[in-house]
């Protein structure tokens, strides 16, 4: 399997606070990699460093074997890396369709001049783009809500808009930041299936931050555990389960017990 | 001959620059705590000036020149302070929770309201101020240093030093500094944010009034729209020197005063204001946090 | 989405009324006011591209009007150009100036951006007053010719009114085309949430600058029209307070298109003009500006949404359905079973 994403000694410090500390990890093409760890461990910060939201303090990031460290977000997206946000960041004042259309920004063409002249070529492109957008909305069950304002939707649907939008950017690597937040058991189950579907049908690699063990453990091929900015363990879900003792040493009994409760899916 | 000309420009620049510094203080302090540009400051400056002017004329009929000037200025300082505090309570406090943009636009509205309200009341024609230092001059080489310039410089310097002392040595001054570091933390420490904010506006407005009457006496004229450009220039000084910093305001004032005079002298006097704004744009481009930058914010 | 048919109806109705006005209204004065209204509308509509990240702060926009007006006027007066090429070059000059200012200013945050655009506006005004060799300074440029097309001169109020109407329609149509495109969506995304836009690959700075200079281009066009209409242009024709007025109209109008802007523009622009014959000039000018200031403060305090708020958005909720109606639409997507 080819290496898709690799971080090398990735470190991010905010003044004296080291949020991400010397993290080495690799994601292979076609993998679903889960990133777990307690709140405040630095998981989202790692995402932010990878996607170019925060400048890295030291270390490097490689995407498709090319160095992308500190490249601007917009450039990274074009190379095939797209993310969702932990706290939803959909375009509240735009419709669902418009949200997804913006997701397609990097996958479409059209300049100011094209807009003004409105030539047949431009119109054809608009049509194609819209059909693509409808496809993604359909995938997420949002087709009938296309013209509704995003902020008027229930939370669950808003989450779906965020995912549809990210998919529309047609990334090779999809970064999902706590996609199961706020979901109930049934929804979490559907999500797990959907994540697997994205990997196998849409041929994407997925990097997933998640607290909900019911979602991560069944679907992830490989899991990385982070605590206080450092990687403390990595392995298959089974290995992670079995090394609970190691994890307990870092995370404490309470967290361990909660993890055990949540992961009683077997 | 050229050297004398330069010297003259510098002298005028330093004098007017100190007045600008007094105006800049108002912007700087307010920005330091509330993090927005108080566009209405220029209007308060103008109002304070008019209060001083009318009182001065009134007192002149009963008292000699200097006592009437001083009394008028002192009363105007109080008046301007009250006016500034009122302005804050009425127009800014209600928008405090919202974006800086909203408050800024509100301040633009306030500025319009006060400036043109005043113009409506007193008419747009400039009024002549009495002369303070008739004929007092010192000759330095081929340049002239007038008594008014020295007075303006000295007064502003004394006030700025007094302010610096106030801010560093008094309890209220410490509270003000705490608020401009971190308003939320200061509040949690028991500092009454509202009081501090009021004091900030009061001081800024009072100093603005002094600046205004000094400028008015210097140029021998007051007019309703004087706050417009003077306010903008005060802002430029505050930014150039480092917003939130008192020494910065002074440095910015000197810089702008000298810069625009030199530029105006070199190009043509009518371009003075344009040069001031060009300085603003240059500062924004190359050193947006100013010379004595207090805080490094990631996106200005 | 039931209100969008109303929007089409309102716009069409407005257009029809506008076309019929000269038949019923004979007063040259009222027509004059309507032409001025048209100028304000063009300025405000074009500013929509920029609202949200710079609209309320485009405090220097009068400068672009001035630049366009002087360019066009000087080309017509000194070089004997006809109106139409002068119009084009005037617009382009303003667009380029907008590009320069935009590149410099649009990296700055909110209120700082406002001050820099304001500063720019003042620089232009001062230059216009002082560069007497070029602009005749305060003596202004008189005798600016009216447009001529195929030998017909748009001399009177009525013909110019229709010309103005054409400009307004042109602005509305082109701005809508821009907004309903990939470009427009990018601008709206940047308006809505910059970080999210960046995360989707939108180069926000690029779009901000583009939108800004396009809107300044429109301002230039408006300027040339204005200069030709009043046949006179001076550095005081369009000043800082006018820039502020535009931004207030923008906020008052709320909805970013004609039906929102016309009431706003009318109250702020036309009313004082209409009152002019009944009151002495200067006092009215002061009162009007003071009134605008008061209005701004009240509006900002009372409107909970703030400036680039919900109501500006409302017009663009219906991006898709309106587009399907306005533009010949082959993109009719089959909404599946």
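By written order: A, B and C. Residues from 1 in each chain.
Following the convention adopted for this analysis, a contact is a pair of C-beta atoms (placed from the backbone, for glycine too) under 8 Å apart; a residue touches a chain by one contact, two chains touch by 3 or more.
The shown structure was predicted, so the numbers you read here are calculated from the model rather than taken from an experiment.
Trainee: Just grab the chain with the largest centre-to-centre distance to subunit A, centres being mean Cα coordinates.
Mentor: Between subunit A and the rest, the longest centre separation is with B.
Trainee: Using mean Cα positions, find the chain sitting nearest the overall protein centre.
Mentor: It is chain C that sits nearest the middle.
Trainee: Approximately how many whole Å separate the CA-defined centres of subunit A and subunit C?
Mentor: 42
Trainee: Taking the mean of the C-alpha atoms as each chain's centre, how many Å separate subunit A from subunit B?
Mentor: 51
Trainee: Where the centres are mean C-alpha positions, what is the separation of subunit B from subunit C, in Å?
Mentor: 34
Trainee: Provide the list of subunit C residues touching at least two other chains, using ranges where the numbers run on.
Mentor: none
Trainee: Which stretch or stretches of subunit B touch subunit C in the complex?
Mentor: 36-37, 91, 94-95, 98-102, 104-106, 108-117, 119-120, 123-124, 228-229, 232, 235-236, 239, 268, 270-271, 273-274, 277-278, 280-281, 284-285, 288, 299-300
Trainee: Please output the residues of subunit C touching subunit B within their complex, sorted ascending.
Mentor: Going through subunit C, the ones touching subunit B are 56-57, 59, 104-105, 108-112, 114-116, 118-120, 122-123, 126-127, 129-130, 240-241, 244, 247-248, 251, 282-283, 285-290, 292-297, 300-301, 306-308.
Trainee: How about subunit A: which of its residues touch subunit C in the complex?
Mentor: It comes out as residues 51, 53, 72-74, 77-78, 82-83, 85, 89-95, 97-98, 101-103, 105-106, 108-112, 114-116, 118, 122-123, 126-127, 129-131, 134, 138, 143-144, 146-147, 149, 165, 169.
Trainee: Of all residues in subunit C, which touch subunit A in the complex?
Mentor: 1, 174, 177-178, 180-186, 188-189, 191-193, 195-203, 210, 214, 310, 313, 316-321, 327, 330-331, 333, 335-336
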